[in-house]
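Have a look at these structures, which come just after this line.
Here subunit A shows up in two complexes: once beside subunit B, once beside subunit C.
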Partner chain A sequence: MEGETTYWQENLRLIFISLVIWFVVSFGLGILLVEQLNEFRLGGYKLGFWFAQQGSIYTFVALVFWYSAKMNALDKKYKVEES
Partner chain B sequence: MNKHTKLALLVAPFLILGGYIASDLYIENEAEKTRVFQLEPSGNCDVINKSCILKSGEFEVNIYDEEGITTVNSTFPLDTATLFLVSENEEVTVYPLGMIDSAYYWKSSTALRQLASTQGAQYKLRLIANIKGGQYISEFTTRTM
Partner chain C sequence: MDELKLYTYIAVFGSFALYFAIAWWARAGSTSDFYVAGGDITPLQNGMAIGADWMSAASFISMAGLIAFLGYGGSVFLMGWTGGYVLLAMLLAPYMRKHGKFTVPEFISDRYYSKTARIVAVICLIIASLTYIIGQMKGVGVAFSRFLEVDYGLGLGIGMAVVWVYAVLGGMKGITYTQIAQYCVLIFAYTIPAVFISLQLTGNPIPQLGLGSTLADGSGVYLLDKLDMVVTDLGFKEYTTDNMGGTLNMFAYTMSLMIGTAGLPHVIMRFFTVPSVQAARSSAGYALVFIALLYTVAPAVGAMARLNLMNTIEPAAGQNLEYEARPQWFKDWETTGLLKFEDKNGDGKITYVADAEKNEMVKVDRDIMVLANPAIANLPNWVIALVAAGGLAAALSTAAGLLLAISSSISHDLMKGVLTPNLSDKNELLAGRIVMTIAILISGYLGLHPPGFAAGTVALAFGLAASSIFPALMMGIFAKKMSGTAAVWGMCSGIGVTMLYVFQHKGIMFIPGTSFLGDMGPDWFFGISPNAFGAVGALVNFAVAFIVVRFTGPAPTHIQDMVDNFRSPYGKIEAAHDH
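Moving on to the complex of A and B:
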């Protein structure tokens, strides 16, 4: 029972971290800090614009696989992985 | 593909959609706020000799006078434009400009040519240009070369 609670808490922590990254990249870098980031350039594009158009999508895709890998590791740790 | 990858792939589109809606609401809310920008003259401003450009970022305004008709030409369409002639003792004459054909050109008959047509003459002007989501203001001096 205690193991299930810890597993669930670690799962929630991972979801929270993922949501924070999602918010920072999409809303923070793409909108709130867009003017400051536009001072820099990446591949010819203004950085804030790039984050809003492409960077956030790349991060979301990476986040999907990162979350999955972390969850698999968590499953292994608590010995609840799929057979 | 295990259950975690499936779940993450299932949730991701909803987060993207949520982000899109939240961003749209935020941007719309920001656009409705009136922001004030200062236009600065680019080099010497000589309205009489058609050499007066005011700039603020990518927004530019060209002001020139032809036979007593003062015209404002902007890089973005304007909602309204008002020109003020300010005398030496700070008396202000207001000229609400009228649109010519498109929202890029605004004009009015003004007394500027009578006041500053001689070489070396100078006169203070103010401009307020309203554009959706912003107000561009400037106080500048025209010097006739």
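Moving on to the complex of A and C:
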């Protein structure tokens, strides 16, 4: 069971990192800090507005694929792939 | 028959014929086919099917309209309905797939070794799904009556018949393959008008970039700046900063929609259809790509529709449109009652301002924005016809997924799981089909006679999923010692608090005047609106469950072993998938 625990701990670490990013781009940049970010511009977009209506969604997509790839590698490392 | 109607008939009935052909090709032969499509859908296919399943009449028809009028505040829907997939992909889907059962209540019943937990889950599931279906059925009726000018009831009947054929025959297998086709129809129908409009306004064919570009009229002004200017001149709140009910409300609203999304059973059960844990993880990614395609276009559709509407009514400051010279789409929507004009100052011109005393556009229903958008922008008739087929595809695909969730929870969880455990595979399949037929009839009836509370039910569906199902599933996976007793206490208190808050604001079962705690003023809990309260309910659920487990002791060891088993992709799958 030694190996299992570490697999799970590494998984928890990945989830933690992902959820921090998930929180920062949506709740952080899109809602809590929106006024400060709106001082900056991305083309015609105010930056905070862009994160709320575009940027957060792109980040979510990238996050899910990143997590999925990392976990597949982790499955291989601990040899827990499905039989 | 005019050209537009002819094109619409071709688009709508052509797409229906396609769905039937697919349903016939993918008939279900076993319970495994019926509930989980035999468990061998590829992640890419599953992603598309989830996309169609997820994007309902609300996403297709209502969301961009909401954003058009809420501006920045509409972001809660964009972030909430996509961010939930991040939670699903990391916190729920892979483990539930590994455990390998057919339904969400079944997972809850195994993990919490409790029939009570299973029944609570079934009840939440049925309420959440039924309230959701009413909206889809209404969408079908509206699309038919507006575009094909058939009677609302007849349109609804045609929609029911179509769903019946492919959902009852095909089960999850038929539904999944049909949804792939429906995804293609709906995404084309959504993006093509958006590309045209973006080109017209900004010269950039990609709506996501067009929204951040300068206007094509040579003024060099950014589209969003122009929109801010136009709406604030008329007394409306600034488009890009109007935050719905304050920062805390936006925060709670987004959180509720995210965890509600991750807790909706008809979405979760899609992850049982893929062949492996790895495929469950990547399915969520593909699903999010396909969903993001529509969700990143929606803010462009909303902002551009608002700008076009404003420009039509007041082409230049002070030069308002003569009512007699109003365009055809204006007249069309007036006949539906969703658009109303009242000449208050008697000058024969249309005044559209924020001030309710002077405003003459007394009703502009938000739901018409997407449907009227191509006509407002003078797009060719075939584009308008495509939008009708897309709206129907969105409504039908979601309705089918929900019907499957309801029928599986009744035939598999209640009948096979609790009432008649020795039901044979063949009879269970028959029972599933009968239950689904009954569910179609009930939802059709409710669509024809929508109960007064239909409008308030979104809060109910997401509130239930967020406050009960999501916390129960998450603790089941991440808190190994969480016991059945504690989970049931948690679920019931989560639902209790949420329902109390929703009913206190909107009346018991949405009957006005039955608020029972006296006048508290709207949104009294730190300014959080009822729709946003699911997040608070979820917190209550977590807190109660952890307190109760401290006093009543942890789950038995064989359950903890089961948790260890589904935390790792390796090893025995307990599923009935492989037969």
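Quick notes on this structure:
Going forward, the second predicted complex is superposed on the first by the 81 of 83 C-alpha atoms of A that agree within 3 Å, B and C clash if a C-alpha of one lies under 4 Å from a C-alpha of the other, contacts with A are read in each partner's own complex, and residues count from 1 in each chain.
Basically, a contact is a pair of C-beta atoms (placed from the backbone, for glycine too) under 8 Å apart; a residue touches a chain by one contact, two chains touch by 3 or more.
All values reported here derive from a predicted model rather than from experimental measurement.
By the touch criterion stated above, A:60 is placed in contact with subunit B and with subunit C alike.
Using the contact criterion defined above for the overlaid structures, shared-chain residue A:8 touches subunit C, although it does not reach subunit B. With both structures placed on the common chain, the touch criterion links A:80 to subunit C but leaves subunit B unconnected.
The larger set of touched subunit A residues comes from C, when the choice is between subunit B and subunit C. When both complexes are overlaid on chain A, the residue A:31 reaches subunit B and subunit C alike.
By the touch criterion defined above, A:72 lies against subunit B and subunit C together after alignment on the C-alpha atoms of chain A. Residue contacts after overlaying the shared chain place A:43 against subunit C, while subunit B stays out of touching range. Across the superposed pair, subunit B and subunit C both touch subunit A at residues 19, 22, 26-27, 30-31, 56-57, 60, 63-65, 67-68, 71-72, 75, 82. The touching residues of subunit B, when paired with subunit A in their complex, are 2-5, 8-9, 12, 15-16, 19, 22-23, 26-27.
In the complex of the two chains, the subunit A residues touching subunit B come out as 19, 22, 26-27, 30-31, 56-57, 60, 63-65, 67-68, 71-72, 75, 82.
Note for the complex: subunit A touches subunit C at residues 1, 4, 7-8, 11, 15, 18-19, 22, 26-27, 30-32, 34-35, 38, 42-46, 49-50, 52-54, 56-58, 60-61, 63-65, 67-68, 71-72, 75, 79-83. Of all the residues in subunit C, the ones that touch subunit A in their complex are 67, 72, 74-75, 78-79, 82-83, 85-87, 89-91, 94, 208-209, 211-214, 222-225, 240-241, 243, 247, 250-251, 254-255, 276-278, 281-282, 284-285, 288-289, 292, 295-296, 299, 564, 567-571, 573.
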